[in-house]
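Right, I'll just put the structure down here and ask away after.
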């Protein structure tokens, strides 16, 4: 493992893309930042601009309107970039997959590196998922 | 060639060239231009030659030998001899050198810049005549000779503003009236000096400002200098001139030549002709710093970029006035150096503005944007000039401002009231520099950065005649900044200002070397290390497609500031031109004449009453 | 003059967790007009619901919005019980109210935190969320999940609160009170927060009436409405509490209202538990055999205001039309009033001040999940479900296994944390 | 050659970035502790930096490319230069690389200006907004800072040499020992806070309002350099305060410890202020500096005239 | 504050001719079937004089007509009053309520989008939600678009 790889893993900056979600995953993701879970001890911070992002966290089902935005955002992020699909909706479309505006789960639009299922996944699940990904 | 001949050349040659150019018909525009450039080049060569000479007093009274010694004319000539004295001292030669430089550079630029629509009549003729008379004014030792040259410069200035439209005509009128009035006041001042019995030769004049009359004379003369240089409150012609005259003429007159002349005269006044007392120093310092602050505050809210530059032309004068008012060698050196630097970058900025205006036809910052993509050379020059005027080390603006700050701090060790208030001068002068930076951020980004409109995609930035002057001036900015302490100040400035010692340390060359090294290193990193990893992509607009209406227009950057309670009031007043001495005077004149016309209503009984009332009053006084 | 300039806020903006695009038309730093673009979050829930049975609809409406995941089922249950003419047993009423009020606490704390985050006061954010965690623990104790509780059903609730949990709940709430008080004082007494929030984004009483805004947004402007009192449901008529009203209508008033409501909620829960302790354990639901034809409107006071559900049944086992009006739908519209004339900085805060929830706002055309049609009892079940789906769809076995073990790991971690505390 | 060493190794780029990195870690860690969190590991700033170096750099299609790419380089250069100029007299390195208070003041402006220029060059409308706020803020705090600076020059007997100022303080006690010194400390620290773009003056890169503002378009190497400049400023600004008000650094015996404590104490103070305040709006910050901070500074100057 | 029955009598009295049917479901749930022509007056009466609060409107395609139910709430009594109006499918037009209260803005735009009903005198009759979610001119809540959807 080279130095850059090591540093990359030690310093993941998250950009949060909320699709057509029910908010739960987003809130639980924010919860990860807060005192009980504190992802900053792994060097993770939430960033406001996708230009700074190392990880694109996608939560919620993706509807027609989000779809193009998701693609744009994915393109606008600097590579290397990890993509995490959070929640049942992010992984599969979940409860909203039958809706008339549904445009496919995240991985039908952009390549996904990590799935964190759950409705919503607990923050612990999120952390565990990240750790798994980093040890891959 | 004797110094005398060189001196003749720098004055007579340009004037002669201008006269000759009158004869060439208008359609041979380029011929005229090329001839003018040649003349300007020769003039520059002579200026350099002159600069190399030593100081001496020269009589330019020609033709004395031709007249028989016994002729009655000899007596007249003997009278004229004292009048026709020229003083080729360090200050004068320095100014002549720079007049020559700017004449040449801007002449070349004008050749490329002017096209038929905006071309003032006989542009090059007036241009060269201006150069010649400027040299004359700078060299003149006798005050009356000086006033002669100076007065004619007012006329040529008027001729140079006149452009194609009515606005420029009204600007020309305003300029002419202000300058003319100030010249009149100057003559009054000279009369006062004569009345006081002092010699009218500048070099031997050393008037103590003890009582009212010398002070009045000083004030009369200084008003002339301030008007020429554009210091508050006599500045108001400069922004108008800058907005409406062709940019090349703005670069020539208010940005460089008028600064050189006005400040030259201020230098003479403050440090040679008069011995300033404490209170005058105080007043002059107040004028200096208020010019800095007011000019830059006005510039901050301008939307017309030429007007913005015009206000900066005012603001920068404040530094020089401050420097000379200090009266210490350090302050004089700072003022002098700043004068040169300011002339360089300010005329450069007008050249940039001229190019932008020429290519786009727009005057307003909000109509422009993104021009850096199509005008890289101009952009580079603009960045250098802007940073220089904002006083960012290691460019020249910083070097001279730094000298002035040093001067102020050293000045603070003195005893007088003005000395004790040094903190005020220092803080305001430095703050003016920060404000300058702020308004140049607006200038730079509004014009050159941001979204480029499609109409401007075809602009080409490769015309040598236009690019070369900009690059030359930008290079001068860098050289004068980097080698300030090592070369420019000891070689050029010290001979004029006198020896001085620094209180601070500024090793510009070392620092510049480091800056250069880091820039090279940065470039290397980009080229070698991440070159392949650079990707061009659309701007990130939070996931949406970029909308060109989106964003924060640079032109509105300082709205928050202009809307703060106190400043809003001031800006409102400024908008209504309450601070414009021209408008105020005009208003006063109109008011008085209105009152008079009300009195002259043509009804006989009323006149009778006036006459009787007048008689009664006279009787009362007599009794 | 140049065209009006726009400052976009959103759609993927750190100010909001959900996507929504606000275009602030500006003059200098002053916002002169606002326009919004929606649809990023549109899932078509109303339409999905029409293909679901009445029982299944609960799981969809729960997922309208993660934060109000009690309020929507609450209102829906009210509507259904109105159609079916059912009266819910008292114990179920208490349990419903407890869950509803816990949700209010967690939601208000969440808002306080986020508002702190928005004005750059990250310490408030962290503290508020730290004190929110015990509330989520309570949810875990009561419902088995931190969010999306699946507690409601027509005629009652699914899970009882056991006797032994009462004391835990009370202890945690007792611990919460001083902390919430401390937080409240820290926020309300901070002079800089006063500078930022007082007199900013004001909504007058008339604005509220024009926009028909509800909830804390309305109450902060002196409009005294609260569905819990005005149209009583569940256990609210059985306990003592008061409606918090402030008069100023600015952002600060909204914060104050929310803070004080936290204490009211705590008191409601305590009273409910007292009453439940007194009464003997009884039924927690009535069986509802079938739903007659008709229509019902149910309301509930969500943390953000009144949730309104209108269900039309034709006698079959699924709704014909299910209309949902979340509070944010009317509250968000008030931005037109509260943002205009503010600086951009204040406008963004005013956007956050009504606690907007675009998920709620955009649910519209309903969608219901066919795959979750069978009885999903809690979130854990859903996790398993979605894992299986993931496997089915992805065919990536190893990953799923990884996630399995991850779930195990999480469980042990939770336990570890518990024991540590 | 010696100058190159000073500039790039010690006390320039390398030293400053390492020390500044640790200080910035200290700040983040302390913030985390205040918020009941664990906080990042000690090497976090360096991980961030190396990671950003290795990442792709994206340039917006609207950008003035060369200026956008060079702006962070200027920022680092300016920060480094001011660092060298402050520390050369501190370490008693004699010749070759000196500057006075005014020079340092201007050089400390350079990083901020570079960010502004870089943001404007990036062509992103939201960055424009951030840049406009930053420059308004700059106008706001610069005046207070100038007043403080003038007061210090006054107290030092009209000298601007860093070396003399330190020497004077070591002989006659730190400036903060006087009443005017205490008063000066307040506006100076506020200016430092604003220069570091920390809450309550972080309105230029407010993530929750304008999504990163001036740094919105920075990525990869440009962001890495911008961060590096921030790290260095994290060292430079507290050191500047120490040099002009707190008696400077002394590098003999027990004084090393004191000097270190001063530095850490100042960072602690900055962090505390940062974590106990919400962000101000542009107008409020301007008013804060223009009215209150200037008032304090002017009072301090009057006191200094009186010799207090 | 008035009793529900009183209220119904008042409404009936005022709009007698046009109230087609009246339902009282509970003590505080009332539903009026109104004629299209009179509903605006009824809404004005509710909002302006009886200080009812507009909650929302439900639009539905019931195969024969478009049915809009306007929900009003009286916050003093907890009374919900529903005004039901049927609009013929061939001419889906109805008076907008935005002149009464701003709150009707969004829901009318939404119904316009989802069902294709035109609200007369609405200041800004463009779509609220979808953007790109479905094609221009498609109204997903119409029965025919529902059937066209994939199973």
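By letter and in written order, the chains are A, B, C, D and E; residue numbering begins at 1 in each of them.
The criterion applied here is as follows: a contact is a pair of C-beta atoms (placed from the backbone, for glycine too) under 8 Å apart; a residue touches a chain by one contact, two chains touch by 3 or more.
This one's a predicted model, so the numbers in the text were calculated from it and none came from an experiment.
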| item | value |
| --- | --- |
| Shortest walk length in steps over touching chains, chain A through to chain C | 1 |
| Most distant chain from chain A by Cα centroid | B |
| Most distant chain from chain D, judged by the mean position of its C-alpha atoms | E |
| Most centrally placed chain - per-chain CA mean versus overall CA mean | D |
| Centre-to-centre distance between chain E and chain B (centres being mean Cα positions), rounded to whole Å | 72 |
| Intercentroid distance (Cα basis), chain E paired with chain D, Å | 61 |
| Separation of mean Cα positions, chain E and chain A [Å, integer] | 41 |
| Cα-centroid distance, chain B relative to chain D, in whole angstrom | 36 |
| Numbers and ranges of chain B residues touching at least 2 other chains | 535, 537-538, 540-544, 550-553, 556, 560 |
| Shared-contact residues (touching 2 or more other chains) in chain E | 130-133, 140 |
| Set of chain C residues in contact with two or more other chains | 7-8, 11-14, 19, 29, 39-40, 42, 44, 47, 126-127, 130, 362, 365 |
| Chain B-facing residues of chain A, complex | 17, 49-51, 69, 72-73, 75-76, 78 |
| Complex contacts: residues of chain C adjacent to chain A | 11-14, 17-19, 39-45, 47-48, 51, 59-60, 63-67, 69, 110, 113, 125-127, 129-130, 133, 146-148, 357, 359, 362, 365-372, 379, 382-383, 385-387, 389-390, 393-394, 399, 402-403, 406-407, 409-410, 413-414, 417 |
| Interfacial residue positions of chain A with respect to chain C in the complex | 16-28, 30-31, 34-36, 46-48, 50, 60-61, 63, 65-66, 69, 73, 87-88, 91-92, 94-102, 105, 107, 115-122, 124-125, 128-129, 132 |
| Complex contact set, residues of chain E against chain C | 25-26, 28-29, 31, 53-56, 58, 60, 69, 71, 73, 75-78, 80, 82, 101-103, 105-107, 110, 114, 128-133, 140-141, 146 |
| Of chain D, residues touching chain C in the complex | 31, 34-37, 125-126, 129, 199-200, 202-203, 206-211, 275-284 |
